[in-house]
Amino acid sequence: MTHQAVRVGSLTLKNPVLTASGTFGYGLEFAPFFDIEDLGGICTKGLSLAPRPGNPPPRICETPAGMLNAIGLANVGVEAFCTEKLPLLRERGVTVIANIFASSIDDFVTLANRLDREPGIHAIELNVSCPNVKTGGIEFGRDPHLSGEVTAAVRAATRLPLWVKMSPEAADLAAVARACQDAGADALTAINTIRGMAIDPERMCVRLANRTGGLSGPAIRPIALRIVWDLVGLVDIPVIAIGGIATAADALQFLLAGAHAVQVGTASFSDPVAPLTVAQGIRAFCEHRGLSIDDLIGRARTSATS
Amino acid sequence: MTHQAVRVGSLTLKNPVLTASGTFGYGLEFAPFFDIEDLGGICTKGLSLAPRPGNPPPRICETPAGMLNAIGLANVGVEAFCTEKLPLLRERGVTVIANIFASSIDDFVTLANRLDREPGIHAIELNVSCPNVKTGGIEFGRDPHLSGEVTAAVRAATRLPLWVKMSPEAADLAAVARACQDAGADALTAINTIRGMAIDPERMCVRLANRTGGLSGPAIRPIALRIVWDLVGLVDIPVIAIGGIATAADALQFLLAGAHAVQVGTASFSDPVAPLTVAQGIRAFCEHRGLSIDDLIGRARTSATS
Amino acid sequence: MTPSHPPSAPSNQYRHLRVPLLRRESVGNAYHVLSFEVPDGLPADPGQFVMVRATTWGNSPLLPRPMSLLTGGTTPEILLKVVGEGTLRMGRAEPGELFSLTGPLGRGWRGPHPARQPLLVAGGVGIAPLLFLARELASSGRRPLAIYGGRTSRDLPFSDDLEEVAEVHITTEDGSRGLRGRVTDVLDDLLTPESEVFTCGPDRMMAAVADATFARDVPCQVSLEAPMACGFGVCLGCPVPAVSGGYLYACQEGPCLDARRIAWYPPTSQRGAR
Amino acid sequence: MTPSHPPSAPSNQYRHLRVPLLRRESVGNAYHVLSFEVPDGLPADPGQFVMVRATTWGNSPLLPRPMSLLTGGTTPEILLKVVGEGTLRMGRAEPGELFSLTGPLGRGWRGPHPARQPLLVAGGVGIAPLLFLARELASSGRRPLAIYGGRTSRDLPFSDDLEEVAEVHITTEDGSRGLRGRVTDVLDDLLTPESEVFTCGPDRMMAAVADATFARDVPCQVSLEAPMACGFGVCLGCPVPAVSGGYLYACQEGPCLDARRIAWYPPTSQRGAR
């Protein structure tokens, strides 16, 4: 059995497979399917200071090899999470990454402060890139200066490892990535969903109440891979890959491109056991080839084409 | 039989369905399947001053509901097109849109001049947004100032209707779109492919010799629809929609979003009759509902959701 | 379910199964019954559902499809109507094809109240959770009233089975079977102050049925359809606006819900806003 | 094709057909023969191919798959090996399922030269265009030599059919049938200065075969596989580097090409660069 642990900054993950925020609830919903503590970690649904009801329906619709969502960051709020969900996760030994979002730097800092005190949180993932909330973080994620500012402020508020989740729509991705690194981020995660739309031709109207939604799923995988490849070349901190990963073969593409770990998102809807299957498949690949995870990371950057 | 003609600036198209550049060759290759003159028009493979061999293989690979291509704008050159292909198209009464690209404004102007003299060309589509050529037009398409400059220069060089094809990756799409409009474009076409990548996990190397390629096909349709919707709100000139259109229902989404016409691209590979089927399906929809094409254009912008 | 007691709160008893299709039978116009082989059984209450996807689908379509259970047990069944790509593929599946089923999901019908007369109102494929309910009632010795409507006589799958366990009134829009008209044309005559209504069918039908029950002050539960990506409270894609403000999540608090809790759009006469 | 004359230049005789699957037969390990119903016939030369896609695929996979014709006519046939999603779906198709076929496409084998001894070298599924060729040769009264190699005896579909029309030497890597080894182990013994080689199989096999023919100064044609989106010269996705510089497009100038025109990578001994 090969060693599957990966280090992301100061944090060691059991294996390189996490679950993506918003697609794995608070984790416990998947406990009937498999031992969620066997994953590298889980990213919580995005947490805000106060609970949020989210957008009116319809919030989701399916598209070719993907889906659009405009959930509007509905969540139970950080307080309910810490008191009702976290203790159960801690008990099970789950590696928990708290995904947080806010519409002001102050609120981001308050959130980070609150989580800093909480045993059982292993890292914070800053969502500065959600496309579905008007007053939400996307403004931060598109602007290098704001991205750096919010990262620095949260960095000062917590000793927890700090991951920043990149918007695929930043005008200047390189500048945003470097600003986050310079402001003290321990890792970058990418990508969040890409803004899209769908119209119902029969009823001749837009399908989502929010009009636009975030596109996720296998459809965006080639775009995510290209962005992750670019990020790996741009920063020195680890990159964690997200976008259309449904199988071990998909995850391997991102590791070979240089990502240190991956997150499984929409695939958990198609197959709730997908994150575990991906982790097992990577292990099998390593064993079959006699390679360690570290041997894989970035390997496609050096080899010749075809 | 309802009236299917649409006006795009001074040009009237028989119906709102064209074929997308690079996916329909020079048109004649599809003559064995159907009467290509029954389409609203065809956009030629991108033409350059000199013939180009294109990129080394592998140039294409399939992805979920899409494909990546890095053809590298291989083409026969404008001269061979005008002497060998165009006469046959003219004979058939095909509406021909010449898609052109160059790596300097001077070359764009020379190309436009050359085509201006040629009977049988109905419009020029400026490709300032190809992601696969390093020295290619993408630099123009991402920058509002350069986009405006090249548009103005070509505008001065030809009396043909001038369409400018938008990059989906412009940092500031609104600025680029307005710059092209202000410089005299008669229409905007959108979108070109989105840069993506794929890695072969078995062989642990990138799949395309060019490393990155342009993503096309149904996978990108929701993104294209969102961009087209935005463009329609940003400019006063007509917008022609491209991106993942394979059926009449897909095309209707874009017309309802406000596009004046659509282009069928990758779908012609899956089903070479697709452009005609799309045109027929739109006609059937109009007849069934008792609506004209003009009734459809932009209709989803006013109706309420769901 | 013990029909005479309120069901317990939704539990985490759902599982993810990979099971072969046992049998597919096409019934009527575009309807198919699929039964699966689950040796250790899929226990379910009437009104609960499963998320269904065949392992052969690739990415087309991507998401599993919610389907009400017609019965649980070792050979759970669903009844489907072909409306799009997913149901088309299901309607073409051959025995032996591997499916993934996640379930049982959601909350089934509450009650039925022992002191009330159950009245089941089904439209087309909405028969599934109601036939399940009627059979459970029959097994505890009760025989409910039922109204079953469809466009034509070929849109009434399982009407014979329903007649075995309920006193059924049929309506068709073209008059090809039963009364010509809609379920609501019969409903008023059958409603009594002792009725308790359970309904599943097209949204507009359910809203009209709910309306009639509000007018007569009779309890009514509806089984709602909402777009669903996960089916167990994770994607938050299935909210239904609640009268109390905020949202009910159809996959967890529903699909069977007290009609009075739902902020119908357009509003029903209960809120007198028409 | 008239085997003794060079075939004409590729024409625009290809069509797009929507035709039902007539029959599917599984042969050996992961091989299937599919035949289609084309009442007005699909005329084809040996070595030509069709782009194949079932209308039931949705977007998964998106593109049609190039498949060599085993025969043309009113019931054209293909032989496929299951390697990925597309061939998996084809290998599961049931008679009656609607397929779209575009073809006949590409240029088939040139010649064969009447004064030379045809020697066919096939690897696994590469048998298809070569069996077609052998049958055409047989119909003009010639009996070619053939070498047919596979991993095991179960990787030699249609070996019996080939033996009817050719003098066949079999090789398997595990020795389960014929000679233990590879086609190239037999090739050297069979090559004469009068040989004309036609080969189709894995790239490395074809490169090795070509190499052997270069060494003996014997003509050699290969049937190349390249990724293809369209199949008729439109996508420009199928270039093969040419010795003369630039590219040959496999779907138009090929798939059957003179091995000497191809800039093999790694270079073969013809260019002495190993």
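Every chain is named by a letter (A, B, C and D) in the order it is written, and numbering of its residues begins at 1.
The rule is short, and it goes like this: a residue touches a chain if its C-beta (ideal position, glycine included) is under 8 Å from a C-beta of that chain, and two chains touch if they have at least 3 such contacts.
Quick caveat, the model's predicted, so the values are computed rather than measured.
Taken together, subunit A and subunit C share the touching chains B, D. Farthest chain from subunit A (centres taken as the mean of C-alpha atoms): D.
The geometric centre of subunit A is 34 Å away from that of subunit B, both derived from CA atoms. Between subunit A and subunit D the centroid-to-centroid distance comes to 46 Å (mean Cα coordinates, whole Å).
Centre-to-centre separation of subunit B and subunit D, using mean CA positions: 36 Å. For subunit B, the set of residues touching two or more other chains reads 57-58, 64-66, 217-219.
Residue positions of subunit D touching 2 or more other chains: 59-61. Judged by the touch criterion defined above, the protein chains are all mutually in contact, each touching every other. Touching subunit B in their complex are the following residues of subunit D: 12-16, 53, 59-64, 100, 102, 226-227, 229-230, 232-241, 246-247.
Those residues of subunit D whose C-beta lies close enough to touch subunit A in the complex are 59-60. Only residues 22-25, 28-33, 45, 53-54, 56-62, 64-67, 69, 71, 74, 217-218, 266, 268-273 of subunit A touch subunit C when the two sit together in their complex.
On the side of subunit B, the complex with subunit A involves touching residues 57-58, 63-66, 68, 171-172, 194-199, 201, 203-209, 211-213, 215, 217-223, 225-226, 229, 244, 248-249, 252-253, 256-257, 285, 296, 299-300, 303-306. Those residues of subunit A lying in contact with subunit D across their complex are 64-65.
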